[in-house]
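Worksheet: the structure to be examined is printed underneath.
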Amino acid sequence: MTGDDMYRYLIKRILLIVPTLFGAATLVFFLMRLIPGDICVIRLGSGGTSFTEQALSECHAALGLDRPLWLQFIHFIWGFCRLDLGTSMWSGRPVAYEIATRFPVSLEIAVFATVIAVIIAIPLGTISALKQNSWTDLAVRTFAIAGIATPSFWIGIVSLLAVLNLTQYFFGQPWMPPINYVSVWQHPLRSMSIVILPAVTVGYRYSAVVMRMTRSAMLEVLREDYIRTARAKGLVNRIIVNRHGLKNAMLPVVTVIGIEFAFLIGGLVVTETVFNLNGIGRLLVQAIGNQDYTLTQGIVMLIVTIFVLTNLVVDVLYAWLDPRIRFA
Amino acid sequence: MTMISQDAAAPLVADEAGGLHRRSLPARFLDFIRHQPLGTVGIVMVGIVLVAGIGADWIAPYDPTANDFAAMMQSPSWAHLLGTDQFGRDILSRIIYGARTALIVGLSTAMIGGAGGLLLGVASAYFGGRLDLLVQRALDVLMAFPLIIMALAVVAAFGTGVRNVIIALTIPLIPRCARVVRSSALAIREVPYVDAARACGFSHSRIILRHMVPNVVAPFLIVVTAAVGQAILAEAALSYLGLGVQEPVPDWGLMLQGGAEEYAVTAPWIAIFPGLAIMLAVFGVNIFGDALRDALDPKLRER
Amino acid sequence: MDLQDPPGRQFHNGDPLTAADVAASLNEIAFPPKGVLSPRSDNFMMVKDITAPDPGTVVIHLKFATTAFLPALADPFNWIYEKKILDTDPHWYEQHIMGSGPFKFAGYQIGQSIKGVRNPDYYHKGLPYLDGFVGIFAPKQAVQLDAIRADRAATEFRGYPPSAIDQLKEQLDGQIKVQTSDWNCTLGAWINHKKKPFDDVRVRRALTLAIDRWGSAPGLSKIAVMHTVGSIVFPGSPLAPSKAQLETLAGFWPGINKSRAEARRLLKEAGAEGLSFELLNRNVDQPYKYLGTWLVDQWSKIGLHVTQRVVPTGPWFAALRSGDFTVGTGGSCHGIVNPPIDVQTWLPRSVSSANFGYYDDPKEIDLYDKMLHETDPTKQRADMWNFVKWVLDDQAHFIETMWWYRIVPLRSYVNGWKIGPSHYLNQDLSTIWLSPPHCGKCTAEPAPAL
C-alpha cells in the first residue's frame, strides 16, 4: 500500500460526494414542490381568517416564490455551496438558527443512545460469539432480534407509562421527565433526565444492531489463523479475546456504530414525537407540514450531509486498513 | 452452484447443478428444526401472521371498524379477548385485520422494491460502463437519505394511504437491494459460462434472466426478507406519526396513536397488544430471515 | 365612534401608550400599507377612518352602521404597537413582541416554550399576581395529560373530553379541579358542491341522514370534546332552535332507522348507491380525528365507502380553500358569542370566504339578510330558524354534528381563573394566583385588584 494509492482513492471518494449532494438537493427541491398546497395560504389563513388575492401575491413576492422555478433552484444550490441555507419561510428566521436551536436535543439523544448501545452490545455480542450455539448465545441473539423487531416508539409509550405509574405507586407522586429541554451545559442532571428515556428507547434497537455485528465479527476473527495459533500456544481465552480478538473485530463494529449514529440524527422523528422533544426530526415534520421549502431543504441537506460524510469516513478508514478495496 | 447447502434450504432455491440428494420431506423438516430452532419459531410466527392476514374475514370475531359506544374501553374479557378501544372496537379483530395491512405493505414493498433492485442491480453489473456509473450515482443519491426521511418526503408529496406508503417505502428499498445484487452479480459476470452465453449470441435479456438472476438469488432473498420486517416497522412508524394508513383502516401502527396513548393509564390494553403484534410479527420475519441467510450463505453457516 | 382611554398606561419598554398608538395600530390592520399583510383587514370593511385627536381619544368613523363592528374591535388579535416603531418599520411586529399587558415577554424557544415575567407597571394596580409563567408547546393530548399528571404543567386552557378528565381525577385524587363551559365552536363536514354527485341535494341529504347524532352523542362526548347536538346556531343562544324544531331537520330525526332507510332510498333514487369518497380531515386530536373516525363509521351504515385523508393544519386549510376535496371536516369557532355574525360562515362562497361548500344560493342570502335586519327578538328567532332549516335541511349544504364542550383541568393550587365559552379569550393570566406551597411568601388569597 503506497501513499499515492491512498491519496488517489481519497480524492476520488471525496469527488464522488459532489454528485450525491447535488442529486439529493435536486430531489428534495422538486419533491417539496410536488406537495400540493402553498405556504402563503397556510401563513395567511391558518387562523381561519380570510385574505385577499393581493395579500397572497405579496406574500409570494416576499418569499421569492413568484420567481421561475429554475431561478429558485439555482438560488438554493448557490446558497448551499456557500453554506447559506437562507431564511425559514415560516418563521422568517435564518434556517441555520432554527436548526441550531433544535439540533442539541437530537444530538444529545443520539450520543446517549450510542453510549447505551455500546455498553450493552459489545460485552453481550462478545460473550455470544465465544459461547456460540449455547443457551447464552441463543438468549443474546433472541434479545438482539427482538430489539430490531420492536418499534421504538412503542417502547417509548410503554416506558413513559411505566415511569409514571411506578413513581406514583412507590413515591405517591407521579414523575415524568421534564418536557422543557435544557442543554447539558446548563443543567447537566436535568438535561440527562430528559434524554435518558428517549435514549434507552432508541438505544435498544441500536444496541441490537451493534450486538449482531459484534458477534459475527468476533466469530470471523476467532476463526482466523492467528487466533488458532494463539490458542495452540495455550494463551488463556481472556487474553486472546481482549488482545487479539476484540481489537480486530472492532473495525466493522465501529463502522456500524458510525452509520447508525448518522442514521439516528435524522431518524429520531418518532421518538421525539412520543416524548414531545423539540428536536430536528419533529422540526422536519413541521417544516414539511407548513410547506416551508427553505427549512425543509436545510434540514434534509444537513441530515444527508452528515450521512454522506459518515460514509466517507467509514469508506476511507476501510480503504486505509484494507488496500484491496481501493482497487475494487 | 455450490452456494446451496444440502439440507436446510433445498426447497427454496432451484439448483442447477443438480448435485442435491433428495431426502424425504419429514426428514428434511426435522433436520431444519434441529439446525435452526430459532428459524423454526420464525416460520411458525410468520405462518400465524399469514393465516391471520389471509383469513381475517373468517377468523376475526367482530367487524374491525364498527363503533360500539356501549362497549367503550372495556378490559379484556370473554366477549372481547383483548378488550376494546375508545370507539368500542374489538382490539383482537383490529389486530387480525391489521395483519392484512402489515402483510400487504410488507410484501408489496419487498416484492416491488426487490424486483426493481434486482433488475437494476443485475443490469448495472452486466452492462457495466456508463450505465453502471449512472445507476450507481443515482443509487448514491437515494441511499444518502435515511429511510424515514425519504418516506416522509414521499408521503408528503403523494399523500397518505396504503398505496402511497408502499411507494414511500419501496423507493428507499430499491437502491439497498440493487447494491447487494450488483456486487454478487459483478462476481458472476466474469464466470466463464456467462462469457460462453455471450459468445453464443444470446440476447442480453436472456443472459440476464436465465444466467445471472438465478445466481444472485441467495443474497437477494436475504435482503428481501429483511426488507419485509423493515417495511412493517417503518409503516407502523409512519402511521403512528399520522402519515401512513388512516383511520379507520385496521393497522397496528395506527392503533398505537390517539386513544392508545391518551388512555394508556386506564386502558393500557389499547397500547400494549398492537405493539406486541408488531414486535412478534417482525421478530418472526427476522429470525426466519436469519435462518434463511444461514442456510443460503455457506460462509456464515455453522455460526 | 369615540373611544376614551384613560391615561397612565405604558408599553413594556416604558414609553407611554396613547391614543396615537392605538390609532396607528388599528390603521395598519384596517388599511395595511403596501407590503404589509393584514389578514384581518376584511373585519374592518365598515371603517372609514381612524384618528387620534388627542392622546386620550380614538375616533373611528364607520361607512355604515353594523353590529359586526364591535365584535371586530373586540377581536383578541388586534395587537397595539407603538406608533413610533410602526412609522419607522411597519414590519417590526413580525419579529418582535411588545405590549402593555400584565406580563412582559421574557423568551421564546421555538416549538418548545414561551416565557413571561410580571409587568410591575401594569395599569391594573396590584395585578398580575404571578411573578411569571411558562407556556409549553405540546401538541399531543397524551403528552399534555401526562404533563398535568406529573405536575410539569399546572393547566391547559383549551379543554379535554370527560374520559380524559376522569382519568386525571382518578390519578390525582383531590389535587385537581375542573371548570366546564359550553364552547362557541362547532364542527361538521363541508360538502363540496362542485364535485359530482354532491351537486345533487338528494345525495347531500343522504349523507346527513346517515348520522345518528342523538344516539352517538352520549358515547362520543365521553372521548371527544364534541358534546351538544345542535344546529349552526350556538345552542345556548336565544336564537337557537328548540329540540322539537331540531328534530324536524334531516339527520336530527328521533328514529335513526327511519332516517337511514330514507338515506338509502335517496341514494338509490340519485343513482349513488355504495358511493365511495374521501373525507378530508385535519391532523388534530381533538376533536377532528375523533369526528373523522365516527363519521366514516356512520356512513358505512348506509353502504358508503369512505376513506380519510388526514393532513396537518396547513395543507388541510389549503385543500379547503382550493376546493381540492369532496367532503371535508370544518366548522366555525368564535371568540364572542354572536350568532347573527357567526352564521355568516355558511353564507354562499361569493359572500363568505370561510364557506367551503362552494355553492351559490341567492335565496339563502335573502333569508340571512331578513334575519340580520330584524330587530324584534321573537321575529329574529323565527327568521333564524328559517335560515337554519334552509341550510341544514332543504339544501343540506353542510353536515352539522355537535357543539363542543370545554372541561379545563387545573391543579388545585391554581386559583382566580374563570372559564368562558371561548379559548381565544380571558387568557391574560393577570388574575391567577397560586395557593401554598406553590407561591413564595403568600399564605392566603391575594388582596383584590384595584
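The first chain written gets the first letter, and so on, giving A, B and C; residue counts start at 1 in each chain.
Here, contacts are C-beta pairs under 8 Å (C-beta built on N, C-alpha and C of every residue); 3 or more make two chains touch, one makes a residue touch a chain.
As the structure is a prediction and not an experimental result, all values here were calculated from the model.
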{"item": "Chain closest to the middle, measuring from C-alpha centroids that were averaged per chain", "value": "A"}
{"item": "From subunit A, the most remote chain by mean C-alpha position", "value": "C"}
{"item": "Inter-centroid spacing, subunit C versus subunit B (mean Cα positions, whole Å)", "value": "45"}
{"item": "Centre-of-Cα separation between subunit C and subunit A, whole angstrom", "value": "40"}
{"item": "Rounded Å distance between subunit A and subunit B, as computed from the means of their C-alpha atoms", "value": "23"}
{"item": "Multi-partner residues of subunit A (at least 2 other chains)", "value": "35, 164, 273, 289"}
{"item": "Sites on subunit B at which at least two other chains make contact", "value": "261, 264-265"}
{"item": "Touching two or more other chains - residues of subunit C", "value": "140, 171, 283, 311"}
{"item": "Residues of subunit B defined as touching subunit A within the complex", "value": "37-38, 137-138, 140-142, 144-149, 152-154, 156-158, 229, 233, 236-237, 240-241, 243, 253, 256, 260-261, 264-265, 268, 271-272, 275, 278-283, 285-287, 290, 300, 303"}
{"item": "Residues of subunit A that touch subunit B when the two form their complex", "value": "16, 19-21, 23-24, 27-28, 31-32, 34-35, 132, 138, 141-142, 145-146, 148-151, 153-154, 157-158, 161, 164-165, 216, 219, 262-263, 266-267, 269-270, 273, 284-285, 288-289, 300, 303-304, 307-308"}
{"item": "Residues of subunit A that touch subunit C when the two form their complex", "value": "35-39, 41-42, 44-52, 55, 58-59, 62, 91-93, 98, 101-102, 160, 164, 168, 173-176, 178-181, 273, 275-276, 278, 282-283, 286, 289-291"}
{"item": "Sites on subunit C touched by subunit B in the complex", "value": "140-142, 145, 163-164, 166-167, 170-171, 216, 218-220, 222-223, 283, 285, 289, 292-294, 296-297, 300, 307-311"}
{"item": "Interface residues, subunit C side, partner subunit A - complex", "value": "35, 37-43, 77, 94-95, 109-113, 134, 136-140, 143, 146-147, 149-152, 171, 283, 311-315, 317-319, 321-322, 324, 333, 353-354"}
